[in-house]
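Have a look at this one.
For clarity, chains are labelled A, B, C and D in written order, and residue numbers in each chain start from 1.
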Amino acid sequence: MANSKYEYVKSFEQSDVLLPDTWIVVRIDGRGFHNDGDAMLFVIRLLLSDKYGFEKPNDRRALDLMNAAAVDVMKELPDLNIAYGVSDEYRWPTYFPSTPLEPPHLPTFDGRAVLYPTTKTLRDYMSWRQVDCHINNLYNTTFWALVQKGGMSNADAEKELQGTVSSDKNEILFKRFGINYNNEPEMYKKGSVVYRQYQLEEPNTGAGASEEQQPSSAAGDKEKELSRSQQDKLRKLRQKAKVVVEHVDIIKDDFWARRPWILSNRPGKLPVDS
Amino acid sequence: MANSKYEYVKSFEQSDVLLPDTWIVVRIDGRGFHNDGDAMLFVIRLLLSDKYGFEKPNDRRALDLMNAAAVDVMKELPDLNIAYGVSDEYRWPTYFPSTPLEPPHLPTFDGRAVLYPTTKTLRDYMSWRQVDCHINNLYNTTFWALVQKGGMSNADAEKELQGTVSSDKNEILFKRFGINYNNEPEMYKKGSVVYRQYQLEEPNTGAGASEEQQPSSAAGDKEKELSRSQQDKLRKLRQKAKVVVEHVDIIKDDFWARRPWILSNRPGKLPVDS
Amino acid sequence: MANSKYEYVKSFEQSDVLLPDTWIVVRIDGRGFHNDGDAMLFVIRLLLSDKYGFEKPNDRRALDLMNAAAVDVMKELPDLNIAYGVSDEYRWPTYFPSTPLEPPHLPTFDGRAVLYPTTKTLRDYMSWRQVDCHINNLYNTTFWALVQKGGMSNADAEKELQGTVSSDKNEILFKRFGINYNNEPEMYKKGSVVYRQYQLEEPNTGAGASEEQQPSSAAGDKEKELSRSQQDKLRKLRQKAKVVVEHVDIIKDDFWARRPWILSNRPGKLPVDS
Amino acid sequence: MANSKYEYVKSFEQSDVLLPDTWIVVRIDGRGFHNDGDAMLFVIRLLLSDKYGFEKPNDRRALDLMNAAAVDVMKELPDLNIAYGVSDEYRWPTYFPSTPLEPPHLPTFDGRAVLYPTTKTLRDYMSWRQVDCHINNLYNTTFWALVQKGGMSNADAEKELQGTVSSDKNEILFKRFGINYNNEPEMYKKGSVVYRQYQLEEPNTGAGASEEQQPSSAAGDKEKELSRSQQDKLRKLRQKAKVVVEHVDIIKDDFWARRPWILSNRPGKLPVDS
């Protein structure tokens, strides 16, 4: 506010505005994760689990904490449409009763915004993450079975898994350890999707169905023509909805067709009992 | 890591790389502060002070907390050269013994990186902030004197100060409330500068002096030619230095001339007693 | 290609990639036009018309040249969907038989790419330009009538028109100069739209019609699944089509509904006679 | 200028401002050149030489034309400091008396701006280009000697040169074709540097010398403090200087030390005879 002669330095700030009318994906990763490789993820998880005694390959308490955090953020920001957490990316060691956070052993994250201009590319992004979740979890489940139940060293387990495909890992789990991967918790296999809950709609019922699959632009366009007070009203409606955490398939059409409000930005009908 | 057909969505990420060989200023502000105006700052502070009982216009404990945080960050990241906090921007309500943080009343911040290609523009940026600190603090000190000691309403105090210049405010403080602004704590008037402490050097002593004023590029260039192991060694030397918090003039040359290591990136001599 | 020690300077290049799956509008303006204001446009046109003897307010030969250039570009780049030139932006003095280009009095242009993520925003962009064309041309037609037929100075004409709305200008043209603006050439009133010509389709005929209005994403998605050889085939089909210049309404739905190939990127049926 | 409801589309334009106080290098390449590889360059040159009968490996007339164009641009824009053309990048087929340009066989270029924050990085950029020029020209000279004088096919010549270093190529040229590469024209070996000519200064003479090596920032800072009318005056002084084309070493310090005005932005003394 001071009109000093130094104020010209403000002109060095460079604007970095997100393109309007696109789906904004805010992707949050552990700090310093520049690769998506297993090796990197391992390093971190081992470090955190050493420090805070995480269970491997998935620590239920840490996952629950992350989901609780996601629900809180969804509640605070009614403009958010959906959140998705891949279990392999849950790295936040929380202050469990017996293992409080000890600075400087604090988890830090980086975030980036990626724009998807169409509903198809947004859904492909979500599908990409869920496929990744499955592949990582199958790998990790097998790896830790080899280590924890098979008595292998980490290095030997890694070597054993080199070059294997999904069916190989399923077989290792079943034949050597009696584990049927299909029976593993859905949360670990599918990740967690967080969204506002309304009454599910019937998909594939004539004209309505195709509208449900309408790209975001259609919904966005309508919204643009809403007055500010109408938008506030919609926001309040969204705030009333319960935010739920589910571990379901978000690759197939069914999830989206029955929850058209996620992509249309229009609140659905509140469940009778809520 | 999964090579699924969805992986193409990664191509929507847009790179946003900082130009090398420039001074990177990471500026941190309270979330939602897009203006530098008094009004905006007020709103937030009043809200936080309502919630956590901050003293006005400056809360010593909050400032100390911010400085402690800055020192910790400087210690953790030896590549940082200097940090500066303007008291008006200290808004972090900490869990003082008697007033613990109560979610969701949590402070949040936004950060942005601004690049300054020359030492002159970097110093002008710092000068701009310190001028701003002075002007804001003088305003705030007068405003709260009018409110707290003069019994005015906030609106009346704001009106009273409209159009006044620095000498007017000094006079109000002195004549009405017996406050000599010059005697106010340096921390409030000058903000806090955080840096690694080495033995102060003598400025203006021949050839050395001009080198102290050398733009960053000179120093940066030399550093580029260092081997990785030499750089690691320098980093370790920097980590050994004590990080101090001072409330001094950073606009004049003297501060920089006596602490050449800040701009040269070369560690100075450790103080004998440390 | 040389692996010299200087090669690191390449790292200073910053990527600036356009977001995929959006409509890319390449907007070309006369160099140094940072405002859209009449005044600016005037300055340039007067300069060019002084030099090359342009007719005011519209020079048919310059417009024809610009359209010929646009047609050539459309032919050379079959991936282009549509081009639109607002007459007020035609500033290219061509080597008319009697007035060859004389360096350094050369027209120069700046170009910028703007991304529109949806068909609606793309069409709104086009509509914005055509509305602008109409408003500018009405102003210019009236201005030059006042100057050329009414004997006013430029300054007086500008003053006369200050604060007038469209109906005022229509009345000035008609009452003072006997000009019915509606009878002015379509090219001046509507600008020029350049596109590939196929057989016009019938709009509003059941399910097909709504598909024609489908946002680009739908078409784009399908295209993405095409093999490279299929895309080459489509490109060749587009190259076969005649490129036409028309001066028609592109704001209303009709233009787009009858030429679905413009937004769908799918070639239509070649006219029987071409 | 029209305040239509469509005007919101302007908000989709994204600002892309160059960081102030840096050296702006505008690099111009033939359209579609995304690699720096020989192969790519070859393809284009062969195409252009087929069409316009260029001499290989360097066409004197084309190079002269490019230099003439560079001089014109330097004259038109007095704010430019220096231009440099690597002969391998000269691809503009001009209308030589006997070979007029035939549309659509027109050369097109892409341009990009790269920022260098320090004088060192700017000079390293220039050095990089000149090293590249040398290496490319040695390769091309040898390649075309093998083809034109040695009767090899292009493919065989390429194969022959695979894996060779500079001394190998010098030897091929000398032993097989009696060509001493050192005697090749300086223009081909060093490229062309275009700058404003003032009286050369004596380098290495005490205090002055170090000032000549001063990074741009110092000069830039001083300039910033100049009034607008002073800046206009400087611009006019620069316009008075003759623009020259030379084929000299720009890697060593000597070139810059004797022409301090290039980096300081301060006009030198006009030569007595100009």
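For this structure, a couple of remarks:
In the analysis below, a residue touches a chain if its C-beta (ideal position, glycine included) is under 8 Å from a C-beta of that chain, and two chains touch if they have at least 3 such contacts.
In UniProt terms the chains read A, B, C, D = tRNA(His) guanylyltransferase.
Bear in mind that the values here come from a model prediction, so they are computed numbers and not experimental data.
In terms of the stated touch criterion, the partners common to subunit B (tRNA(His) guanylyltransferase) and subunit D (tRNA(His) guanylyltransferase) are A, C, listed by label.
The chains that touch subunit A (tRNA(His) guanylyltransferase) as well as subunit D (tRNA(His) guanylyltransferase) are B, C. By count of C-beta pairs in contact, A-C exceeds the other of the chain pairs A-C and B-C. Averaging Cα atoms per chain gives one point for each, and the point farthest from that of subunit D (tRNA(His) guanylyltransferase) is the centre of A.
Centroids built from CA atoms put subunit B (tRNA(His) guanylyltransferase) at 35 Å from subunit A (tRNA(His) guanylyltransferase).
Each chain gets one centre point, the mean of its Cα atoms, and the points for subunit A (tRNA(His) guanylyltransferase) and subunit C (tRNA(His) guanylyltransferase) are 43 Å apart.
Note: centroid distance subunit B (tRNA(His) guanylyltransferase) to subunit C (tRNA(His) guanylyltransferase), computed from Cα atoms, is 50 Å. Among the residues of subunit C (tRNA(His) guanylyltransferase), those in touch with two or more other chains are 12, 14, 19-21, 115-116, 121.
Listing the residues of subunit D (tRNA(His) guanylyltransferase) that touch subunit C (tRNA(His) guanylyltransferase) in their complex gives 1-2, 4, 6-10, 12-14, 16, 36-38, 72, 76, 103-104, 112, 114-116, 121, 124-125, 127-128, 131-132, 134-136. Across the complex, subunit A (tRNA(His) guanylyltransferase) is touched by residues 11-12, 14-15, 17, 19-21 of subunit D (tRNA(His) guanylyltransferase). Subunit C (tRNA(His) guanylyltransferase) meets subunit A (tRNA(His) guanylyltransferase) in the complex at residues 19-22, 115-121, 215, 217-218, 220-221.
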